[in-house]
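Below are two complexes that have subunit A in common, paired first with subunit B and then with subunit C.
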Partner chain A sequence: MISSVNPALKMVAILIPGVLLSFSFDIFTPLIYLIFVVAFTFMFSKISIKKWLLLFSPFVFLAIGFAWMTVLYTSDSFAGGRVLFEFWWFEVTTGGVMVGISLALRSLCFVALSLMFILTTDSTKFMLSLMQQFKLPPKLTYGILAGYRFLPTFKHEFEVLRQAHRIRGIGRAKGLKGRIHQFRRYAIPLMANAIRKAERVAIAMESKGFTGETDRTHYHQMSIGRKDWAFFTSIVGAFCLVIIASYQLGYLNIFGVQF
Partner chain B sequence: MINQPDLNRQQLEPLIRVENLSFDYEKKAGSSLIDDVSFSLLQGEVTLLLGASGSGKSTISLCLNGLYPEAVEGYKKGDVFFRGREIRQFEKGELNQKIGIVFQDPESQFCMMTVENELAFTMENIRIPQKDMSSKIDRILEAVGLKDFQKRPIHQLSGGQKQKVALASVLLLEPELLILDEPTANLDPVSSMEFIKLVSELQKERGMSVFVIEHQLDDWVLFTDHVLALSQEGKLIADGRPDLVFKEQLAMLGAEGIHLPKDITKFPAEKHKRLADKAPRFLERTISISHLSFKRKGNVILDEIDLALHKGEFVAIVGENGAGKSTLLQLMAGILTPYKGKIDFLNKSLKQWREQELRQKMGFVFQNPEHQFITDTVYDELAFGMKLNGTGERKMKARIDVLLDHFQLQNHQWSNPFSISGGQKRRLSVATMLDETPELLLFDEPTFGQDAKTTEELMTIILELKEQGTTVVFVTHDMDLVDQYCERTFVLDSGRIVFHGHPEKLWKNEELLHTARLRQPYRIRKQNLKQQKAGETYDLVR
Partner chain C sequence: MMRQWKLKEIVLMSIFGVVFAVIYLMFYFFGQGLRNFLTPFGLAPFGYEVIFGIWFIVSIIAAYVIRKRGAAFWSELIAGTVQVLIGSPAGPQLIISAAIQGLGAEVVFLATRYRNFSLYVLMMAGMSAAVFSYAWGWFQSGLAALTPGLIIATLTVRVISGALLAGLLGKYISDQLAQTGVLRGYALGKEWEEKRDKSA
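After this line comes the complex of A and B, so read on.
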């Protein structure tokens, strides 16, 4: 299962194809890899299809938007090929369409990879494994974890502040000047409280014997085992296979250079 | 319980010895925040530290384990010895293992998401081997009565449970001294009592020293061996056995604005009678609520609430944490919109009120006064509402002067509202609601974390307003306050009103008190005790 894979290694495994994909400008490579990632996600995790679609679908529209913009404004080095149609001053070429679709597919690949990571990873374990495997200093990891706890309280605090100001008779701010003024009114007490709370947490952590030293025992011993490497190999290996296949079939296009 | 004569105290080597400790956040001439304080804490003793708000109680506790002055920009003079060794000689983190602290705010003392991970965090810090951790977690959760909570996210727990988790994680350090910094300030009456009972049991079992800082000291004083008190100026003004301190220095402590054990202070029985029974015949309705329901994220918070409040009435809404008290108050103020039902304010639906008019007729005082401050000076803060209402310059000045005078803020009128003391902030937050005498004044936990003096000042002001016909509503955990001042009480339990009527009737309904996690006020508990121990002389302090 993906959820039991070491989170730090999982991150690396996902970053490698994520970064390398941005160089491929053809349609075939990202398309095949996208299919692989989606299939892999559902085969090896318990994510419900409905939830996944709910999160994924907004990005589809975003990707279509990207693609359309790229089709219209393709840089000259890619805008080769036949002219499909023209309107106003736009000239839509096959090259442009290819680059556009490729961009959309690439972005969807990133989204699918990110979802695979986010939906299967526990934030605490992720930080712990960054600390244990990648030697991130405990001061930083526990600091981030403590901050993460604060997000909901911050929202609550903001709500209360808005109510309190409404009681004082402040209506909704009008105009840009009013808004800037309102932002200032909220920002100062919010920041003051955040700083105070952060200080309290820091003192509470220190009082529990936290020194920030790396020499500590671990309740959740994060390790990298065979299963984790298997995941790494499948994700990265599949990417290599897709690249090879698309090279063999003559689709591969890196930075506009056809191989 | 140890109650040795003071001679004996001096012979033992104390666990902690503080010698001429001074501390301040700024270097300045003259007296500092904590000024030349010396005392000792003995092995196995329970010590209570008293002092008005702002007298530096929390600061002292953080000086004891060496977190201050390092964690803040501060200046310390004098020495603190732990078992005869100056605390600066300890390695970083070494002393923190011997001295554990539970803090006041349950929200900001954890850094992990779940109970289990938080407890593990403490053990990892002191390098307990991984194989021992699970069994230790089981044992400590059993000890604090949270056996089934191991995997639960901390943010889902109630305030009382959170404080127990904080206590558990500190106990894992196996400290020789346990410092409790107002640990029950945020808790409902029963949770607070449970927590105190737990501490007293654990203290007896483990024999550790306990150092308690607390405003509400009635429950603690029963098992306290030693009392210290700080004055407003940060000097130590009392140091000794509780019975002696409260006997000999009572007047002086009272003058310092310190809450005293209610057992010792002559309880104002006459005053009580006068306040609660002078119920006027209510005729005019201020606010009436019918069939009110409220949902948040699909959960029913309030369910079919009906209530009506009248002119000049003083009413309390009580119930355990999360029963929906604050939500009800916010609905009354029109800052939340009901899911169902109707609220009429001065015989006109709340929806039909123009916002500005509504805010003039109705005031709301938040738990944290800072939330309400908008401007940069106390004067502007008071002027703000009047400017919105278009009050004339001269009239406004006159009104502000009256308010400044009345709320004793004259000397601070050009100070920043955020920089004045806690009691002053509380007074200012009430004063800002009084540009005109409101018809309805709502308070969310107004006496929370306030010392005796501030509380009394606030109540005086509120009673005056009530005399002028303002309807006052309190959401509070303080049953003594309810007993002393309120004419009617509404008890909320899981979003429903399960009782309304005179507090006296509520105190008699023990079953209801139990389910709503409330407690009888001190006056009633004492009466009951007296009845039980008829004939015997009983001294609660011993």
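After this line comes the complex of A and C, so read on.
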């Protein structure tokens, strides 16, 4: 199951194809890998298809928008092939369309990889494994976790501020200038409160004996085992296989150079 | 490298990271709307570029308030990571882009050896972050496939946005915060107190 894979290693496994995918400008490579990622997600996790589609579908439109922009503004090194049609000052070529579709598929790959990560990862465990496996300083780790824990309280504080303003007869702001002023009226006190909290938390941590030393013991022990490496190998290995396949079939295109 | 940092400075930086992660995420959707609005005019590529500077602001604020080595880099990295944790659609990729943006700002502060935090330096840091992030975007989102004219135009807009929305606005927000007195225990707050003592 993906949700039980060590989160820090999971992140690395996802980042590797995420970065390497940026080299490819053909359609075949991202398309096959996208299919693999989606299949892998549903085979090894309990994410409901409905929820996944709900999160994924907005990005399809986004990807189409980005593809369209690329098609219109293709650079000379990519805009090869036949001219399909022209309008205004734009010239749409087959090369441009290919690159557009490729970039759209690439961004959908990123989204699919991200969803696989986000929907199966517990944020506290993620931070803990960053500390235990990747040697993130404990001071930083617990600082972030403390800050993260305050997120829900901000919402509450915002409500309090709003009510306080209203009781003094300050309504909704009108116009752009009023909006900016209103933003200031909320943002500064909210942040000032956050800073006070930071100071208090730091004092509390120190007074309870937190020194930030790295040779500490952990309540939640995170580890990397055989199952974690199996996940890593399948995600990265599948990417290598896709690259090899696309090279063998003659589709591979790296930064406009066909192989 | 975090040896000379006090715990409260680290926690403050983390909280900045968390707060701005939320703001960044809000601007992500705002940018989406802006882009949709500009699409009929054929200006869609500029939708994000105009507000891109906001994504560097935490580097500027953290560095300006704390004034220690690494503040710009780490705060941006935290903001990126927390965005992933609260579920940004951009995913773990964001951690890399955050690190690169943070590095862009950090380089400028390093060049002044963490001694000069004037408005000019802060704006330079915002611009440097813009250039770094553009270089990464060029690679990652395949901007290489776009025409040079569009690339130069979008880069220019992003750099200006970095100077104004990160540099100028970052300084303004930090100064406003210092005025409330909550930063008394940090470098910027101390500077403000000295100024007040002198004028009094």
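The definition used in the following text is that the second predicted complex is superposed on the first by the 259 of 259 C-alpha atoms of A that agree within 3 Å, B and C clash if a C-alpha of one lies under 4 Å from a C-alpha of the other, contacts with A are read in each partner's own complex, and residues count from 1 in each chain.
In this section, contacts are C-beta pairs under 8 Å (C-beta built on N, C-alpha and C of every residue); 3 or more make two chains touch, one makes a residue touch a chain.
Remember, it's a predicted structure, so these values are computed and weren't measured experimentally.
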Simultaneous placement of subunit C and subunit B on subunit A, clash or fit: fit
Which of subunit B and subunit C A:Val236 touches, first, second, both or neither: neither
Which superposed partner A:Phe25 touches (first subunit B, second subunit C, both, neither): second
Which superposed partner A:Ile16 touches (first subunit B, second subunit C, both, neither): neither
Contacts of A:His165 with subunit B and subunit C, given as first, second, both or neither: first
Touching partner for A:Ala202 - first (subunit B), second (subunit C), both, neither: both
Touched partner set for A:Ala192, first subunit B, second subunit C, both or neither: both
Partner chain in contact with A:Gly65 - subunit B first, subunit C second, else both or neither: second
First (subunit B), second (subunit C), both or neither touched by A:Thr217: first
Angular separation of subunit B and subunit C about subunit A, which is computed from CA centres of the superposed model and rounded to the nearest 10 °: 70
Partner chain(s) touched by A:Phe154 [first = subunit B, second = subunit C, both, neither]: second
Per-residue contact with subunit A, leading partner among subunit C and subunit B: C
Where subunit B and subunit C come nearest after superposition, their Cα distance in Å: 5
On subunit A, positions contacted by subunit B and by subunit C: 123, 146, 148, 189, 192, 197, 199, 201-203, 205-206, 210
In the complex, subunit B residues that touch subunit A: 62, 65, 67, 71-72, 92-93, 96-97, 99-101, 103, 105, 107-114, 116-117, 120-130, 133, 154-155, 169-170, 173, 330, 333, 335, 355-356, 359-360, 363-364, 366, 368, 370-374, 384-385, 388, 418, 432
Contact footprint of subunit A on subunit C as seen in their complex: 2, 5-8, 10-19, 22, 32, 35, 39, 42, 44-45, 74, 78, 81-82, 84-87, 89-93, 95-96, 139-142, 144-148, 150, 173, 176-177, 180, 182-183, 185
Subunit A residues touching subunit B - in the complex, by the definition given at the top: 123-124, 142, 145-146, 148-149, 152-153, 160-161, 163-171, 185, 189, 192-193, 197, 199-211, 213, 215-221
Subunit C partner contacts - residues on subunit A that touch it in the complex: 11, 14-15, 18-19, 22, 25, 55, 58-59, 62, 65-66, 69-70, 72-76, 78, 99, 102-103, 106-107, 110-111, 113-115, 117-118, 123, 126-127, 137, 139-140, 143-144, 146-148, 150-151, 154, 184, 187-192, 194-199, 201-203, 205-206, 210, 212, 255-256
